[in-house]
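I'd like to ask some things about the structure below.
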Amino acid sequence: MRGIAAGDLDETRFRSWLVQDYLFLLDYVRLFALAAARAPGTDSLGRLVDLAHSTFHQELSLHRAYAAEFGLSEADLDRAEKTPVCAAYTDLLLRTAATADFVEVLAAVLPCMWGYSELGRAIAAGGLPAEPRYRRWVQTYADPGFAALAAWCAALLDRAAEGLPAANVAACERAFATLGHELAFWDA
Amino acid sequence: MRGIAAGDLDETRFRSWLVQDYLFLLDYVRLFALAAARAPGTDSLGRLVDLAHSTFHQELSLHRAYAAEFGLSEADLDRAEKTPVCAAYTDLLLRTAATADFVEVLAAVLPCMWGYSELGRAIAAGGLPAEPRYRRWVQTYADPGFAALAAWCAALLDRAAEGLPAANVAACERAFATLGHELAFWDA
Amino acid sequence: MRGIAAGDLDETRFRSWLVQDYLFLLDYVRLFALAAARAPGTDSLGRLVDLAHSTFHQELSLHRAYAAEFGLSEADLDRAEKTPVCAAYTDLLLRTAATADFVEVLAAVLPCMWGYSELGRAIAAGGLPAEPRYRRWVQTYADPGFAALAAWCAALLDRAAEGLPAANVAACERAFATLGHELAFWDA
Amino acid sequence: MRGIAAGDLDETRFRSWLVQDYLFLLDYVRLFALAAARAPGTDSLGRLVDLAHSTFHQELSLHRAYAAEFGLSEADLDRAEKTPVCAAYTDLLLRTAATADFVEVLAAVLPCMWGYSELGRAIAAGGLPAEPRYRRWVQTYADPGFAALAAWCAALLDRAAEGLPAANVAACERAFATLGHELAFWDA
């Protein structure tokens, strides 16, 4: 993050992140799709379908375009394999989406969205990097539209969790611990 | 179908169909979403997410607009409850999507798409009804784009089923028996 | 029920029930297994695995033995197919078990257990039928052990539902409406 | 493994394994339960329910008894948390069980059973350790009954995979790669 903010991040490291995040996003689409299938109401069904759709068409396209700027072809992305850290994260997300209560699924989804939004905004607040590709990366996640998305997800979770007994809230807190996987993802 | 083709179908009957099909489509979105989450490859993942998205945004909007022309408000649609026939169909689809093999899910999805496409084309081939609303209904399902969608679904199923042993093919044939629910839906 | 209580139920009808209930129980095992997989705690995990196990080994054996007394071989049972009423019930149960919250799964499971226990006890309270096979049927479901099982399931549901907000309780009430399928099963 | 075979494994290490394997087995029960719910035939349904049941009642009891001999109380086991290595393994198993085809679930299940059976037999063939607790550990997994179980699982997989096209076999091979998690589990 500091390297992106300074605009001097070693490209090899960024390429690794790009590849792994690309593979992560493919499962993130599956996660939104699975959450949509289990959404109790029409509103949340529609919003989660929209998220699956925009992640597949916009986020992944963005990644392919970025990847090209860093010398990675689509074939490079498709040939790549998840690291254990990436696989552990997406397997937890999809296990949760398939077997936990709906509110816990929302809690597991949130750290990724919220984290990127916060990181983008924090870096942008300190000044955008001069390097054009890293600048664009920061702008993507610092975008108010992205912050609004994270806020919507948080609001949906808050609404679903409102008034829940302590045991259910504790289950949500455990699900929110996907945050640890976010940190591990950066460390890797 | 004959009533729609002749353009003289009793409106009360059509209204019942509109309401039930609206409720069916909400679960059909869930079905595509669940199938997407289980799609083995990137292509089928993307296409199934697109189907969930277009069903939610286009098909359901179309239904709401139609419903208005037949004197049904959005509140009427949202207040409605599935008949046992409709519930039996969507529960089978979602049980299949959640527990059967992916190829069987495709087999269960196909009769609805294919059936509407065939019906639309057959009626249109015999001449469009004069009644403008029924005419539009026929045009929707007789549309080459809709036929292409059904053909894509059939091709995806054929590809996934190619070379499967007899026992797996038999399982697909059983899943395809959602066709019986299509007929029951019309009868109801 | 009145025919069983009087001991003069037409055997053809009872045979139909036996066959359909046999097929129902196979999916009931799947239901308990799916609920077990989603059980949040060790206790409920173990109890639901026990239910799947005892339903598969005891209830189904009982059915096969009964069926033999009514002239139905195991091959007859295995060849049989679910009626639409039976399929609609088990598809709803498995759709619920795969996609709803855990507490709703418990609410969907309860009517079957509780209903048979209540029916068995009510008939036994009015005097056991003289016909030995129907007498045994009543004794099975009037058994205090079976009542204890239903009471355990109700207690587990009550505990899981305790303190839930109104929207979640309403979802449980909708899931409990599998009761309607119990009635339809008897009517069929 | 070499430490167990020699009977001189550091107890602290074995205690870590005991605790993690206990937590693993709780999810292994869930895995068998989920596989049972998706089993296409009555035979595999029954066998998978039996596996869930025997893992819950026999394997976990065995672990609790062992744990006591190593100074670990039940409370110690219940308080423990999965390491990332253990969580990555069980999350993959449950994600696979919930979303992959049934034959892939069998492929994912096999490495654990087969591996322990092979290890137990290989160590026993070289002579049982003198240390009584490690000797019993080896005897448990060297047991012909355990080998028969692993052989049954392999035969079920072989039968389900027989005649499958290359793409489906490749998916099974990827699912079988849970083997890597077995190795990581020992390394941890």
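So that you can tell them apart, the chains are marked A, B, C and D in the order they are listed, and the count of residues begins at 1 in each.
We adopt the following convention: contacts are C-beta pairs under 8 Å (C-beta built on N, C-alpha and C of every residue); 3 or more make two chains touch, one makes a residue touch a chain.
Computed from a predicted structure; not experimentally measured.
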| item | value |
| --- | --- |
| Starting at chain B, fewest touch steps before arriving at chain D | 1 |
| Same-site or different-site touching of chain A by its copy chain D, using the half cut | same |
| Chain B-chain C separation of Cα centroids, rounded to whole Å | 32 |
| Geometric centre distance via CA averages, chain C-chain A, whole Å | 43 |
| Residues within chain B bordering two or more other chains | 30, 34, 37-38, 94, 99 |
| Complex interface listing, chain D residues touching chain A | 30, 34, 84, 87-88, 91-92, 94-95, 98-99, 184 |
| Residue ranges of chain A touching chain B (in the complex, touch as defined) | 26, 29-31, 33-34, 36-39, 42, 45-46, 48-50, 52-53, 56-57, 78, 94, 97 |
| Residue numbers on chain A that touch chain C, as the complex places them | 37-38, 40, 99-103, 162-165, 168, 171 |
